[in-house]
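Paired with chain B in one complex and with chain C in the other, chain A is shared by the two complexes that follow.
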Partner chain A sequence: MHSTRRSVSLIAGTVLLGLLAVLIAGAHWISPYDPVQQHAAERLEKPSAQHPFGTDRFGRDLLARTLHGGQITLLSAMAALSGALAIGLAVGLAAGMFHNSLLDRLFMRMIDVLLAFPFMVLAMVVAALFGTSLFHLLLAVIAVGWVTFARLARSVVLQARNETSFAAARVLGASNRTLILRELAPKALSPVLILATFELGSLILSIAALSFLGLGAQPPTPEWGSMLADGREYVLQSPHIMFGPALFIMLSVLAFNLIGEGLRDRLDPYEKPQL
Partner chain B sequence: MHAASEAILIVEQLQVSYRSKEQARPILHGLNLTLHQGETVCLLGESGSGKSTLAKAITGLLPPSAQVGSGSLALAGGIAVDLADDNGSGSIPWQRIRGTELALLFQDARQALNPVMTIGQHFKETLLDHRKAKPDEVESISCRLLRKLGFTDPLVLLSSYPFQLSGGMCQRICLAIALCLEPKVLIADEPTSALDTVSQREVLSLIRAMQLDLGLTVLLITHDLAVARAVSDRVIVLDQGRLVEQGSVQRVFSQPKALFTRQLLAYRSQVSAPAKLRSTRKSSACLLEVRRLHKSYDANQPIVRDASLTLDEQEIVGVLGQSGCGKSTLARCIAGLETPNAGSILLRGTDISGLQGKARREICRRIQMVFQDARASLHPGRTAQQLVQEPLQYLRIGNKQERIALASHYLQEVGIEGEAQYRKPPQLSTGQCQRIAIARALVLKPEVLICDEAVSALDVRIQAQILKLLKRLHKQYRFSILMISHDVSVLRSFCHHIAVMSDGRFQEGKQASVRLHESSQPHTQLLLRCAGDLEEVRI
Partner chain C sequence: MIVAVLLRKLMEALLTLICATVILFMLIRLAPGDPAVLLLGQPSEVAAMHTEVYEQKAAELREQWGLDQPMAIQYVSWLGRLVQLDLGTSLHTGRAVSAELAERLPATLQLTAAALAVQLLLGFWLGIVSALKAGTFSDQLIRLACVTLASTPAFVTGLCALLLFAVTLGAYEISSEASWSRLWLPALTMGLASMPQFARMVRANMLAELGQTYVLAALSRGLARRRVIGQASRNALLPLVTVTALSAATFASGAVVIESLFAWPGIGKYALDSILRKDYPVIQGYAFVMVTLVILIHLCVDVLYAYIDPRLQRKRRQVTRGVNEHA
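After this line comes the complex of A and B, so read on.
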């Protein structure tokens, strides 16, 4: 019984995300300006028909920068998420399947340490060690991000291991690989995916935050977080500089959260109405 | 017997249906029910007959998908409500009715109690919320009640948590909590179905005793004919939401009028008929031997200790025991799901205990298991065909066509034919699910089939059918069966030999099921006594 009311957030989120994707993918056609080309004559212009979001202190068109920046921010967030998801699922499934083994304990202590570590500090350490670049930023995000997925996957697996269907599959001769892939992974996948959509929102925020601090994308590459950082100095005289990236960060986080909520309603076994 | 006493609860024209995706599925079709002061009425019916829905409807506990078409509830003391108002509007003052007028006892008592609250806190909450006692009286009231219900040390009990107590104790405590508000009617929904025979007897005699002592009116909902017969004054038989028969317990059981009641009774006698199995098998070689098996998860609390048992070729051996006696753990050790701490399991002379990896999977071809909850053992998203093919895939037997052919053959053997082979468990009945589970076990042509309470959760009718099926398959495919159950009558009708397990061990070896009653073991005697008609409850 999935009433229409329940999937409203899923539809709204998907539509919003689709819209953003079209805008960002079609950046070239929507805004004819080059995102890094500087125009000294058009510095800090207010929004107008020519520059809908105005221009920044180098006279670059902010709409073009916001849309192109979206490509970088969203793609890197997706990449970081896929990396974290893959590692987290693998570790969680293995740790849960071989519960209480040396492997499990090792992973769990590692997770404890990582969880206790402030994320921003770790990212700064990585940046200090390997230099500041978007790639290193992603590595830092993945290094911390897999932890929550692993924890969740493991807890689902531990529960599923006690179910009759798991015992039945074992008695029927399923190998450990079959057990993990056919019995455990599908059960772990839906809660982990739901968490992932929520995490993607916060990943966009943390990539933007780290770029804001100067640890991610380097100028002149447009990126939402670093654009916000640029606009900070002119916030009193030209507040419109921050408008574009802020709006897009907000909209994309909102889209992913809506999708996450919709997915949870659909997939969460505990929310399913009784017959 | 209570004809002259006044009516204490009247339900009229109760219609309830459940809304699912497309249509509304009617559950109760205009049911009328009257309870008189001080009587015990038993509502008897199969699962799905609507008996629990009735209990939920008159206590306002229906799920949101339920729709009350019509119905009125009148209680002694002038309370009358229109149950059709209950569709989400919340206009019925259930808080005044539940607890003080109608008390409820659920099937799973441990789940009915809050796991993070002590028993004492449960009493406190109940008594104070209803303003039945002052805070300083709570302890004395609850102690008095617990003593009355046969607990010798109520103070210790008040500070313990539900998980520290057995299922039977939890149910007795639920009864005490229900009684502390002095309700007029006690509605017990399958209160003993989750309990083994010994605790079942305890709880039933307590309900009976309290009923006589406090003049309580009891509505007992059950699918178990023996329970109905043992405690009720009057029986109401429900079939698919319709009342098919009611009358005094003696009348209904001796001269059932309705066809449905007659069938129910016939199935029961079929299940509990003494074994007519020929135990004169020629040259019975020992197939499986369990030797001094020991299993514990916690060194102080061994689950199985020193258990020894043999199973011959083509033999059916029953393992009888109360819940918690270690019989399921024994079965799981034999099936390779657990590694025993000590002892050995010999299959045709080779030790198979605690095998891992490939060696364990090879044993799966020879030892198979059917679980109590068939539905839970089947993946809900796969069709019957796919489910039966699973073990063949796991063990890489045959090619695709051969697997399909084998699966169809065994599904036909268990009576799943045609289009039903392509249905998924949610679209199949519980009985059909158990049939699929059996087909899935037999498709590997095992030598040993372990049935862990395989028929315990089923209605009598389905139980009789499944047992008949197992008997036929056993004759045809000549495997041995290890039947684990707490139900003496099922084992006696089905097994050549029975071994009684208590406290993790077998007090004596297996014995011919026809001679079980001659055993001198006190525990065997206790189990037999409790399972015997439950008549003694009626004191």
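After this line comes the complex of A and C, so read on.
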């Protein structure tokens, strides 16, 4: 019974994600409106057959904006994640390979320091100093995000180093490079990728939250968080304007959370109830 | 023994703090443009000032901050001012940043404490119920609710709450004061946003503990189920002390969104307003205060842990992994 439920969450997440991907990729065909074209005569219209999500304060079609915004939100989240993943993996592999060396200690110290920087605070400092834009926001995300992956990769590598296959490869005269790429990297990759699935959901939430504060994508770019920020003053009078972006943020984070949950349940031996 | 551990932790915390100040300092230098202009505001934005007066002010500032001296000396003198709690003066109000922040800190702490209470009460309750009824319908219902809640951005929950309680029901007053009657809605929103993760950890820890052989042994010897579960839950929930403390740190910094949404006059909202005003010294001061706060909380957690159970020192890292990221 449990194994079926676990698969259900994995399958439901994947299906949901696929559905969202199709909707977002097909934005042009699904909604014929231009996401940035303003129509003064159609301001703040309620949802109708013509505009399923209604229109915003500039008369722009909200369905078109939501779908086009999805491309920006999801692609930027993935870009930030890949950056963090690459750095985290590289640092984790190097620190684990040369355990207790100066390099390892330096990296660990850096990780400790970065853990003291709350993500929000760093993003705010970067936005204040370098200016508010999506690019700077992503840089801040990467600067903090790699730490989690580095710690995980390092701990996996430290375990893998104790295995016979690693010792054998070393005895056979494999170079450090070969050891890292052939012996350690493949073992670290799968747990790190699973963590990444889970992180993608929280990354979308963070990016949306910061965009909502005005620190991310700037108008008129359609992006879910900034769409909500844009409609903030009008949302109490015409609540429908937050429906589209809020729904899509929720669904996409839900999809990644379900996939992550499903993967974790499969691999986590602890959560098997026995009582 | 315990004193030695405390001393080592204290030294580590101090080292981390110093590294953090280096990063903060480097960030100012990495920023494009002249730091003096950054601190004074762009010439075009300080419209009330003549060019000569502006240049003179900028020169004064360079002198005062020692911007013509080598970086290392600049850093040390900046650190010296930090130690004396001199965070500079706000460009907007002209008052000391430390005074401005101190004024707004109580509101943030009040909100944080209330949100933490919401998270703990709901998290423990749902987590324990979910663990004890693992696999049943109510467990799945709780988990589904938690996953959905965890997928909802806090500002969407907050907007919905505002819409429902302030607009439709008229039960919540929209103003910008920090009063007890205005506390419950932002606290509820904030607590609900972080509750799912906590409930999940409570559930996982409970299940791991209930799966131990001593639980089975106690039950098979005929001990009352209630008592066994009571004992096991004490073991299971102890590690969550640290998670609680760490989520307090996340709250204090993550409060920015909630504070700005509910117009709660805490330091998060102040910092955000300062970014939009390009009030640079305030941002720097805010970041320094936040980082210090987080390091202090981490230190308290370590000390608490050494006090509660020295054996658990290593285990903590696993339990708390991934809690601190992405407020």
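We take it that the second predicted complex is superposed on the first by the 254 of 275 C-alpha atoms of A that agree within 3 Å, B and C clash if a C-alpha of one lies under 4 Å from a C-alpha of the other, contacts with A are read in each partner's own complex, and residues count from 1 in each chain.
Just so it is clear, contacts are C-beta pairs under 8 Å (C-beta built on N, C-alpha and C of every residue); 3 or more make two chains touch, one makes a residue touch a chain.
Quick caveat: nothing in here was measured; it's all calculated off a predicted structure.
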Residue contacts on chain A - larger count, chain B or chain C
C
So in the superposed three-chain picture, is A:169 touching just chain B, just chain C, both, or none of them (first/second/both/neither)?
first
According to the stated criteria, A:205 is in contact with first (chain B), second (chain C), both, or neither; which is it?
second
First (chain B), second (chain C), both or neither touched by A:235:
second
On the A-aligned overlay, A:249 touches which partner chain: chain B = first, chain C = second, or both, or neither?
second
Counting only touches as set out at the top, which of chain B and chain C does A:259 meet: first, second, both, neither?
neither
According to the stated criteria, A:117 is in contact with first (chain B), second (chain C), both, or neither; which is it?
second
First (chain B), second (chain C), both or neither: which does A:214 touch?
second
Common interface residues of chain A - those touching chain B in one complex and chain C in the other:
1, 273-275
What part of chain B is in contact with chain A in the complex they form?
18-21, 63-65, 332, 335-337, 357-358, 361, 364-365, 367-369, 371-373, 376-379, 390-391, 394-395, 437, 440-441, 444
Spell out the part of chain A that touches chain B in their complex, as residue ranges.
1, 163-165, 167-176, 178, 183, 273-275
Which stretch or stretches of chain C touch chain A in the complex?
12, 15-17, 19-20, 23-24, 27-28, 30-32, 38, 131-132, 134-135, 140, 147-148, 150-156, 159, 162-163, 166-167, 203-204, 207-208, 210-211, 215-216, 219, 249-250, 252-254, 256-257, 260, 271-272, 274-276, 278, 280, 283-284, 286-287, 290-291, 294-295, 298, 321-322, 324-327
Which residues of chain A touch chain C in their complex?
1-2, 5, 109-110, 112-113, 115-122, 124-130, 132, 144-145, 147-148, 151-152, 195, 199, 201-203, 205-206, 208-209, 212-215, 225, 228, 235-236, 239, 242, 246, 249-251, 253-254, 257-258, 261, 268, 270-275
